Structure formats: C-alpha cells, structure tokens
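Next come two complexes, and both contain chain A; in the first it sits with chain B, in the second with chain C.
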Partner chain A sequence: MIRSPLGLALLSLTLTACSPADPQQQVSQALTDGVILPIYSAWNEADRQLAVSAQAFCADQQNLAEARQAFATAQSAWAAVQPVLLGPLAEGNRAWQVQFWPDKKNLVARQVEALLNKKSVLSAADLEKSSVVVQGLTAYEYLLFDATLDLSNTEQKARYCPLLVAIGEHQQDLAADVLASWQSDDGMAAQLKTFPNARYAEAPEAVAELLRTQVSAIDGLKKKLGTPMGRQSKGQPQPYQAEAWRSKASLTNLAASLASAERIWLGAEQNGIQALLSADQAELKQRINAAFSDTRQRLAAAPRPLGELLGDEAGRAELNALYDSLNTLHRLHEADLAKTLGIQLGFNAHDGD
Partner chain B sequence: MFRMPLASASLLAIAISLAGCSEDKAPANQVAAPAASSTSAPAVAISPIDEAAGKAVVSHYADLALAVFSDAASTGKALQNAVDVLLATPNADTLKAARDAWIVARAPYMQSEVFRFGNAVVDDWEGQMNAWPLDEGLIDYVAKDYQHALGNPGSSANIIANSEIQIGEDTLDVSTLTPELLASLNELGGSEANVATGYHAIEFLLWGQDLNGTNPGAGERPATDFVVGDGATGGNTERRRAFLKAATDLLVSDLDTMVAQWQAGDADNYRATLEAESAENGLRKMMFGMGSLSLGELAGERMKVALEANSTEDEQDCFSDNTHNSHFYDGKGIRNIYLGEYKKVDGTTLTGPSLSSLIAKVDSAADSTLKADLEATEGKLQALVDSANNGQHFDQLIAADNSAGQQIVRDAIAALIKQTGSIEQAAGKLGISDLNPDTADHSF
Partner chain C sequence: MQINRRVFLGLGAATLAATAVAASTFGGWTLTRSGVQPLLLSARNDAAGRHFAVGYRLDGSQVFATPVSERCHDVVGHPFLPMALFVGRRPSTKSYLIDTRDGRLLQTLHSPAQRHFYGHAIFHKDGEWLYATENDTSDPGRGVLGVYRLEGEQLHRSTELSSHGVGPHQLLWQPDGETLVVANGGIRTEADSRVEMNLNSMQSSLVLMHRDGRLLSKEQLPEQMNSVRHLAVSSDGTVVSGQQYMGALSDLVPLLAIKRPGQPFQHFHVAEAQRQLMSQYTASVAIHSELRLLALTAPRGNRVFIWDLDSAELRLDAHLADCAGVGAVADGFVVSSGVGRCRLYDCRGKRIISQPLQLPTGLWDNHLRMA
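Here is the complex of A and B:
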C-alpha cells in the first residue's frame, strides 16, 4: 500500500482548485475507496483464512469449531459484498461460484456426493470443471454442517476433506482475482473514479449503477427473508429454502449485507449516496436514515435463528415486522431516492412483489 | 478525509483526475437533477404511437393469441384421444402414439408462453398448466436416489399408491382421482414442487423418470404400467390410469377456458379488457412479454440454471427429453409477436398489423436490428434442435465435461440477452422507456 503524504497534499490542493467539483464523481470516488474496496479486501482476507483453515482442519491442526468459525467469517464477508456486487464479480456468473442459492432441490447434497463417488482425489482443475453448486460456500457449508455428515469422524473426514480443501483454494483464488481486477490500472476502482472510461461515459452512470446494485441487493434481502417465510408459497414457511439454513446464519448474513448497504448510503465520511441530496431534501434523508436504523435494530434484536423463528407465531410475527421494515427501506430507495436523484433504475434483478 | 489505509493506494489517481476537472465537464452535474418531464421528452410531447395503428397491432396480437391457444387446445384434444387409445389398449405402440401426441401438443403451447408475461390472466392460469420442476414422488413411484425439494411434505406422497395421503398434520382423501382433486393438490403444503396437473405431470406419467442423468436417454416407463390384470407393472395400474385420464381431461378443459378469453366479440372476456386499454398499454404488455420470456425465464431459469449447475433437475422437459423443442418454440413465440405472424398447426400462416411495421415507421434501424436479433436467436435455438436430432439432447449438452455442448447453450443464452436489449431499444422508440423485463433474479 502506498501511503503517500504527497498524494494527500495534492488531493487537498486539487479539491480546492476545482471546487465545486462534480458531486457525483466525488461520491463515486469516496465510496470506491472508503467503502467498496475495504469490503472486497475483507472478503479476500476472509477467503484467504478459509483456505488456511481448510488445510489446517484436514491436517488435524484445527478442530471443527474453528473450521466452522472460519466459514462463518467468510460467509459473512460474502454477504457484505452483495450490495456492492458490480463489476468483475457480477460478470461471467462468478457470483454463482461463491454461493448457489436458492437450492430448491437440494442439488448440493446430490452433486457433492456424486462428485466424491467419482473422484476421491480432487485437484483445483477438477473443481473448476465441476458444477458451480460444488465450488462455493454452499457446498462448504454442507460439508461442515449437514446433519447427515460428521467431519469429526476420521473416515468421513478422509472422504470429504479433498473437497473442503479444494473449495477453500478456489474461493481464495476467486477472491484474489476479483480484488486484483478492482485494483489494477484501468480496473474497476479506476473506472468508478475517473471519467470517461471504457465502462462509464460520465460519473452519473457510475452513481446510477451503484444505486441500482444497492436497490437490487435490498430487494434480494427481501427475497432471502420472504422465501423461507412462505410469502411466495401460500404463507407456508419453507425453512429449508432459506439461505444458510444449515449454519443457522440466515439472519446474520442479512445483517452483514444490510451493514454494507448502509455504508453505501452513508459513506465512510458522510460522503456516500446521501451526500447527493440537497438541504431541501433533508426529509427524505431522515426517512432513509430511520429506515436503515429500524431494520438494523430489528435484526440485532432477533433472539433466535430464522429456522426457529419460523416455528412459532411470535417468531413469525417478528419476521413479518422485519420484512415490512426491509420493504420500507427498499421502497424508499427504489421509488423516492431514485426519483429524487433522477436515476432510472432500468433492469431490475429482482422482480418486485 | 481518507482514513482507511487501503484507500491511499488510489489517492494519486483521484488527485490527478480531480485536477482534470474543468468547466467542460459540467454537464455531468445536470444529469443528477430530478427528471422533470421536460428534460426526458422532446419539446413537443407527442407519443410516437399513432393510436389507431397501435390499436390495430394490439388487436392482431389478440388474434395471434386466439390462434395459438386454439391450436394448443386442438392438439391437447388429440393428446386426450391418444391417451384414451392407450388406456383402451396399452402397448408399446399406443404409448408411443400418446408420447408423440404430447410432443405435438407442446409446440403450440410453448408458442403461447410469450403471452404469459404481461397478461395476468395467462400468468395466473399457467401454474396449473406448466408448473415445473416438480417432485414426481408426489404422483407415482420413483427410483431410490430420487431428490426432491427439502422440507416438501408431499415429496414422497405417491398419490397413485395411496387412497389417502398425510401432509404434515393433515390427512387427505385422494381415493377418487378427479380433475378437481388434482387441481386442488397443486402447491400442497405450500411447496411449489407439488404439481399434480399440467403438461409435466402428464409427461411424467407417459415417460417416467429419466434415470440417465447427463447420459443419453429419456424416461422409459413401460406401457405395462397401464395394463390392468396380467402383465401389469408398477403396481396400482387402475389408479395410474385414472390419474392420467383426469390430468389430461383437466388440461383440455383449461385450454378451452383460455381460448374463450381471447375470442372476439365477448364483452366480458380478457380480450375485451385489453382492447379497451390504450394502445400504449397493449404495446407495453406485448414487449414486456417478449423481453421477460427472453431474459429471465428462457435465458435464466430454463437455461442458465441448468447449464451452470449442470443440473438435469432443472431441465424443462426432463422426462421426455423434448427440451430442445420447448426452447425453440418459446423463441418462436417471441418472434411471432414481433412479426405479427403465426404458422398454425393446419399449415396456414396468420399475418396482420405487426409491432415490426409500427417500429419501422418510427425508426427503421431499430426494426432491422431487432428483426436480425430474433432471427439470430432462432438460429441458436435451432442448434439445440439439430443437436438433439443428432443424438445429443439438452441434458447431455449441460454435462460438466461437455464444453462443446455447453457452448451451444451459452450461445443461445447470449442471443436471448442481446435480443432483450434490442426489444428495450425498440420499445423506447415507441415512447415506452421503462420496460424493465422480468429477469427472474438473474443478472447477465
């Protein structure tokens, strides 16, 4: 990392020199450096640790609890990436290599077992040629948490460890590759900071994509909550259709994603999306702040994992309130904020319901 | 200002870029202004759509729907006849004839799918017709390694083997298999994998499970599964026969219901509602349907999921291995809407006022591009059909080790994505700027 006092000095000079600078460009720059790159770096680091953990666990130098902890950190870091899922990781179906959800028919169990029945020795190349279902965290979670497996058993460990190690490596390589694409000259970060470039003709296009990604992610959170609640299936709870049900981390993931979304809104130094609202739009700013706060507090207050909350009336009522809170947050972004900023959201990755 | 060490790497780049900012970059700021109608539309705010010409196109769209649903109904009745013959004399020949009739009936039905998106009357009805993928263990016997939706209480209910089934705490009487009963069992226990009706339930009864994975071969249910008495296989053949009969009868009556919705001259049907709306609304529905089927449904749900997950569980016509045809006719249906034409089962072609001609008047380049894209997509979907005819079906193309096969599927997906962009562009030429085709949660 270059920590250049000269750069800082130069920056403050130029900021003064061309004031008022393009606010859209400032926001895009500030979010890239202050929020997005730190999120991708944290994910990269978590996946590095995941690979280390898989090796250590399989060499009997880590216990199952430690391996599960490394997984939880990696899964949470991945959840944090989702509101900034644009650029390299959003292309070429790379995101599917990290996680396969929804897994409506338990493909993960079928494909993990089929793969290991075919190959007892597994190279990184073997994994790369396999289905996305077995390449990522969904399969890793299956190995460490599924009730039918027990990796503290030596025999089972011998069968499943090659896959555990291969997934760890694959995730580490993928995250490193994505981060490098962000940081390279003319990479994704540069494209969010200087305009025009190969991706964006001008700053508002970049800001529009940041907002679009944010709105899509918040809508995605509604789906991740609504699917197991049975909102698409006559109100019958579907606990196994939840994300991360095996590790009971569904709500933890939601909280990690929400925290990133809030950072995109606020910015590291109050220079996020909200900085684009003018003084006479303070009321909208307040409403969005309040909505983030409401959702965040409900998630923090959730006393039990999603699967348990789905099991009784009181739990379902809490989840309904959480869903409504997310819905308010989503609508404020999708309708009010986008309209106020004059941003056409266009392609909507999640069909509103 | 920048606290995070990570950020400092790019400080110089920011500084340089900021140094470059000057007056001539100012217009970027203006885009941030709230979009007032005066900035997004030309000074003279007239719609580029001639209302009468637009209405003629929408009316012809309804004619196309009537023709395609009528063909789906008539081929559905031919399927019903073939099923009756199979049940009267179950043997390999009558089973093959029923399977052939099912494949013939699929062609017009798939061309009707483009009407689903944008027309709620079709979308609400569709679940009973084409719901998929299904947990076939709800219906009949399955192989030992059968995989189903986790937590689906009906996944192994086997209605054919049981006169009552247990779903959670409820016991259901299924002793008499009627069309009404089958319809009531859809989404039983809240699981969308519980499907007892429609093309795929019938497909499962005619073919059985495809146990070949990504290897060659479709389902191989023997005709003796429908024999009563000597030589019967599979058990409970009386109930299997009753199930097939009820499901086929329901399919035919449902198709007739949809035909009625599109008949002209009925003040109370859906067509009347559609034709009473503004031309712009009708055109939007047409193009939304084209885009949504192209993008989220066909490229996403039906191809990308199966391809990326190498999952035959996510193949559309997985029992019969007819997926190539289903995808081809989905694509054909999209093109039909644009060109305003439909080749009927009787061989004649219905033509009339088209979206293409409407858009050509406003912007002939946009029209040519979209026409070329639709034709290119048809070519890529034809490649799926050609491959199947040469012995490699869709479920083989998506195998993890078949990179050449995967490329055929990838090319079709890419063509559909490109065509969706052109559909949006063309819609924009008609003043429909926010089409937002359904992506079914896929990003491309």
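Here is the complex of A and C:
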C-alpha cells in the first residue's frame, strides 16, 4: 500500500471545482493523461519485461546481449520517469529502491557480494529485507556489466542468478504498485485532474508541483553530469561516480530524462506547461524551446560514452558545453519561467530552522 | 505576466464567492472561539521578496501587513495586551514589536553586542517579561536567554540566563507559567552565519529550567546528531519536541519525542512509513489540548501529520507542499505553506477534513501563532 487510508482525508465538497476552461487545470489534466501516465506505463511495461528477461536468461532461454537489452530499456524508462517523479514513487524514499546513485564507495559491489556470501538461496522476501542498495537497477547493472563478473560462465551464473531474478521481480512489483496508485479512483492522476482534492486545493498547486518536479529533475541532470566531470571535486574527473558507468549509458539516460522534461514543457498536443504562456510571452517560450533543442542535439551528437569523453581534452570540452547548455535550461525554468507563471518553487523547506 | 495575474485574480474571486455561499453549509463548522475569529500572526514575504509581519483573520481579511527589514521566524503574542513580537530569524539581531490591532511598529528591538536572536521568544504570563533564545557569538553557540522587560510599549534588555546548552531554538512554558522548556539544538554557529560548526560533536538537549535561571532537568536523545528544535506543550504539561537530524538521509532516526509529566524524555511512536516521509526534518509542532492531538509539519517531505497525543494513533498523513506553521484553533489545526494555500484540518469528527483557507497563497514563514 502506497498511502495510508488516513492520508485520504475527505475534502469538503463545498468549494466548487474550477471551471473546465481554467487553463491551469487544462494543462494539469492534459499532462497527466498525455505525458505522465504514458511515462509510468512505459516504465511499468519495461520492468515487466525485465522480470521476464531475468527469468529467461537464468533459464538459458535468453543470451547475455538480450538480457542487457532488457536492462537498457528498463533503465531508460526509469530515466524518463524522473522529470515526473512526484506522488507515490517520490515520497518516503521509494525511488531509492529503483536506483542507487551516487555510489561514491562502490557500495553496490560490496553489498551484492556480501549478500550472496551470506545467502546462497535468495528469495524475493530476502531482497525486500535487504538494503535498497541491492534492490535496484544499479545492482542489476553490476551483475550484467561489471568487468569482474562473467555471467556466461555457468558457475558465476548460478551464484548471481537468484539475485538477478529477485531484483527483476522487485522492480516489476514496485512499478505495478506505483502505477496502480496513480490510476486508483482517488489516486495521483485523479488528484492532478479535478480540484480541490485531498492533495491540491486548486489547479495552480498541481501545476506548481509539476514545474517544481521538472526544475529539480533538470537540476538532477546537472548533478549527474557535473559529478563525474569533477565539478564537486576540484575539476578532477570521477568517471566511476557517473550514473550507469558500467553499462556506459550515462548520456543515454540523460537523453531519456531530457525527452520527458521536454514533453512536460510541450505537452502531447501542445498543451504542456508552455500553453500557460501568453502571446506576449512568446520570447520566453522561444528561448526555452531553443534551450531544449540545444541540449537535445548536443546529447544526440555525443560521439562516445561519458567515460571516454572524460578521458581527453576534446571530450571534456564537449561535456562542458553540454553542462552549460543544461545550466541554461535549468536557469530558464527556475528563474524566468517560474517567475513569469507566478510559481513559488520553494521557501521554507531548505531553510534549516 | 498580465494574463497570469488575471487568471489568478479570477480564480481567487471565484473560490471566494464559492466559500461565501458555502459558509452556512458547514454544519456547525466554526473557526471562532467565543464569537471572535482568531487572528493568525506570521512572518511572510511578498512575491518581490520583501518581508512582512502580518495578521489575518481566517476568513482571509487582512488586519495588517507591516513591512520589516528582515525575515522573521516565530511570533510571540503578549498574554493580554494587543501586541506581539515578531522574532528575527537567526542570525538576525532585530525583532519587531507590533500593535496587532493595526500593525503599527511599536519598536525595533535590537539584541545587544555579541548576541543574535535564534528566532523564538516567549512572554511571561504577567506580561512584564520576555525571554528570547540567543547566541553568545563571543563563544559561538553558547546558549543564552535574553531577558527583556516591557515598559510601556518598549522592551528593554534586563539581564540574561544560560540556556544550559548549545544553540537554543524554541522555548515555551510549562503550565505553571514559571518553568521554561528549552530546546537546545546543539549546533554551534557564528555571528552572521548559518553554517554548522560542530556536527560531529553536537549535544542537543531538552532543558526544563526555572525562569530565574535554575536548571531543573536536562535530557538528551540517544542519537548524537538529532537536533531538538521545536516544541509544543499541552495544558497538562506534556512536552513534545520535533527534531532535525543532521546525519545521513538513510539513517533510521525517530524525529518526534515526548516528555509526559514526571516521565523521561523519549521518542514518540511514529510508524516507519511516516518517519520516512519526513526526510529527517521537522518544522513546526502544535498540540490541541482539548482534542488531545499532536500536529507536525515536515516541509522537506511536504507532509502534515496528526496523531492522537495519548495513544500515538495516526490520524492524518497528508501532502502539503512546503508546509510551514501550524497552530491549534477550536476545530483543529491551521497549517500554512511556503508555496501553496493554507489549510484548516477539521479534527472534530472521526475523519479529519481538509479545507483550503482564503488566505494569501504561499510565502508564509515557518511558524504561525493564533492570537
């Protein structure tokens, strides 16, 4: 259960709902049906396939390349969820179960090995009780991609397969649970579509949370790029602190997240956040469109994986340009767009009092 | 910009009209005590980032909004005079004494040299003395209570007491009105700074002391980095404290504690599902003495909780973005938000009912007081 039934405090129905013509409500509704639910559904489907793949691979019905492909799809689907990481998966640290990043001390490798040394037979229940470090995609990636492992070797396969299967199942269950709580009668999707409700007093509160999630996701992309570039470590590149360094998918993940963020901005039918800007705000709209386009093209044009780009001057220059591009996109959202839409992104939460 | 402003204004008018119609349909729903609507006092910003000391009736009517030069934190009402001190947010050296009838600024109170306010203070019940938590910046973090005397419409520094700890934050009275309860957060900070200096050697404590300065008890929680910050005291003397944990986000640390009369200071039972939602950070706590309820805001988790004070049964676990101040009113609790609408949680029935209030949206500071 995602949420205590106690959390579903009944709202007094005496406030009339906003009229359907309310643009904020229209945007929130359109994004929920046209962008957010499809993203969560795709993630759910990818995790279902991941569980199938783990079973098949461990039964020798899939080869390593196929298993890696299923993982890549699931990882990419998860990256796509991040700009819409609000509601059930965002609360109570549940997202930690999907991915463990940053992993500064290589805890993933250490905890996977420690767990398997302790338990040669591993059930789904054992995994539930274990640390989040070994429950998610990062541990799954370690099993399929780490250079010290070779799952085409029968002996190793026997050691690691129970964990692979258990993670696949865990991810599948988690995604199904989250999707169900989005889709339930008074679930997250309903709360983003009709107002007032137990979560939002009015549509602008929902739109504000969508924008807040978007801004924090774009900031997260900066961190995912900036950390391996050494922006937090005096410029010294840290390739092993990249997200998904083992599967060399760091930039692919960024592109998947960025694509979702752009869909939130545009909307499935031009009815995303940008629809809230008026004709006299066309210039800001163009600047944000251009910023998305610039970042997207830089990611698409990246010739090599992140780890390789970090290794030489030309590569680092490209990454710097990409970082600057993300930074522009972030600033346009955080400052210009939030201000123009009259949305307060934060006030007390990081106050420290 | 103009379109959006119109949209917001339009919405405001529409919901206001709906509320006016609805007011008679609440079936005994009352925001008032003895026929007078309580006054909500809080620090608040406007969209341009200017700071105000504000007073609003819960129907949304503004009583005052007085510009102040710095952001304030808690508000301390005088026990019987229409005045309140809006206390400077740490490390401010200024607080503002305001006439709550019209918002007139009576005095800008300055802390003495080498002292700054921590954001909380309290008037003694006879109305003559005010106690404020302060930092002795000549020995950073050494907690003192500045003692001020009200003479006419002015507060004057009289003396100071030790808070018997480091980095004191909120302080309140026991029901006798003579015993102070002090949350010593345990964190050292320097003048003009909010940067923690001693996270690995923090010593946070809950102190009971007489207002003459005598230490009556000093208790600590087992987790060294768990900072006791905010307090609520019920009419029977039960003290509840809300903590902010300075260690890792993944550490399993309880964030609410309770000291029932005559009993030790200990953790208040919170289920893991709720504890996790708090992101190691609690902001404001309030007790409803008549309904025996405890309310807590956790702005990093965007969560408002209400428990039964005696049984610790969970009564509400609700999302509210950047929730801030909480205060008890006749029917339940009023909660403000830094980014969204304020809410009333009507706690009279078995089911707690959430109702958005027609107060300005967002930019409310951490604490509110009902006067």
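Basically, the second predicted complex is superposed on the first by the 326 of 353 C-alpha atoms of A that agree within 3 Å, B and C clash if a C-alpha of one lies under 4 Å from a C-alpha of the other, contacts with A are read in each partner's own complex, and residues count from 1 in each chain.
Here is the rule we use: a contact is a pair of C-beta atoms (placed from the backbone, for glycine too) under 8 Å apart; a residue touches a chain by one contact, two chains touch by 3 or more.
Bear in mind the structure is a predicted one, so any value in this text is a computation, not a measurement.
Within the superposed three-chain model, A:E202 lies in touch with chain B and with chain C [touch as defined at top].
When the two structures are aligned on the shared chain, A:G226 is found in touch with neither chain B nor chain C. In the superposition on chain A, contact of A:A190 is made with chain B only, not with chain C. Comparing chain B with chain C, more residues of chain A are touched by B. In the superposition on chain A, A:N93 makes contact with both chain B and chain C. In the superposition on chain A, A:L341 makes contact with both chain B and chain C. Overlaid on A, the two complexes show chain B and chain C touching the same residues of chain A, namely 3-4, 7, 10-11, 14-15, 18, 22-24, 93, 96, 132, 202, 204, 276, 340-342, 344-351.
The touching residues of chain A, counted against chain C in their complex, run 3-4, 6-7, 9-12, 14-16, 18-19, 22-24, 91-93, 96, 132, 196, 198-202, 204-205, 208-209, 212, 276, 278, 280-281, 340-342, 344-353. Looking at the complex, you find that chain B touches chain A at residues 1-22, 25-29, 31-35, 133, 147-151, 187, 189-193, 296, 304, 308-311, 313-314, 400-401, 433-434, 436-443. For chain A in complex with chain B, the residues that touch the partner chain are 1-4, 7-8, 10-11, 13-15, 17-18, 21-25, 29, 32-34, 37-38, 41, 90, 93, 95-96, 100, 104-107, 109-111, 129-133, 183, 189-190, 193-195, 202-204, 207, 216, 220, 223, 230, 232-241, 268-269, 276, 339-342, 344-351.
Those residues of chain C that touch chain A in the complex are listed here as 1-5, 7-8, 11, 14-15, 18-19, 21-22, 25-26, 45, 47, 73, 89-90, 119, 169, 194, 229, 244, 249-250, 273-274, 276-277, 279, 281, 283, 299-303, 314-319, 321-322, 324, 338-341, 343, 345-346, 351-356, 361-366.
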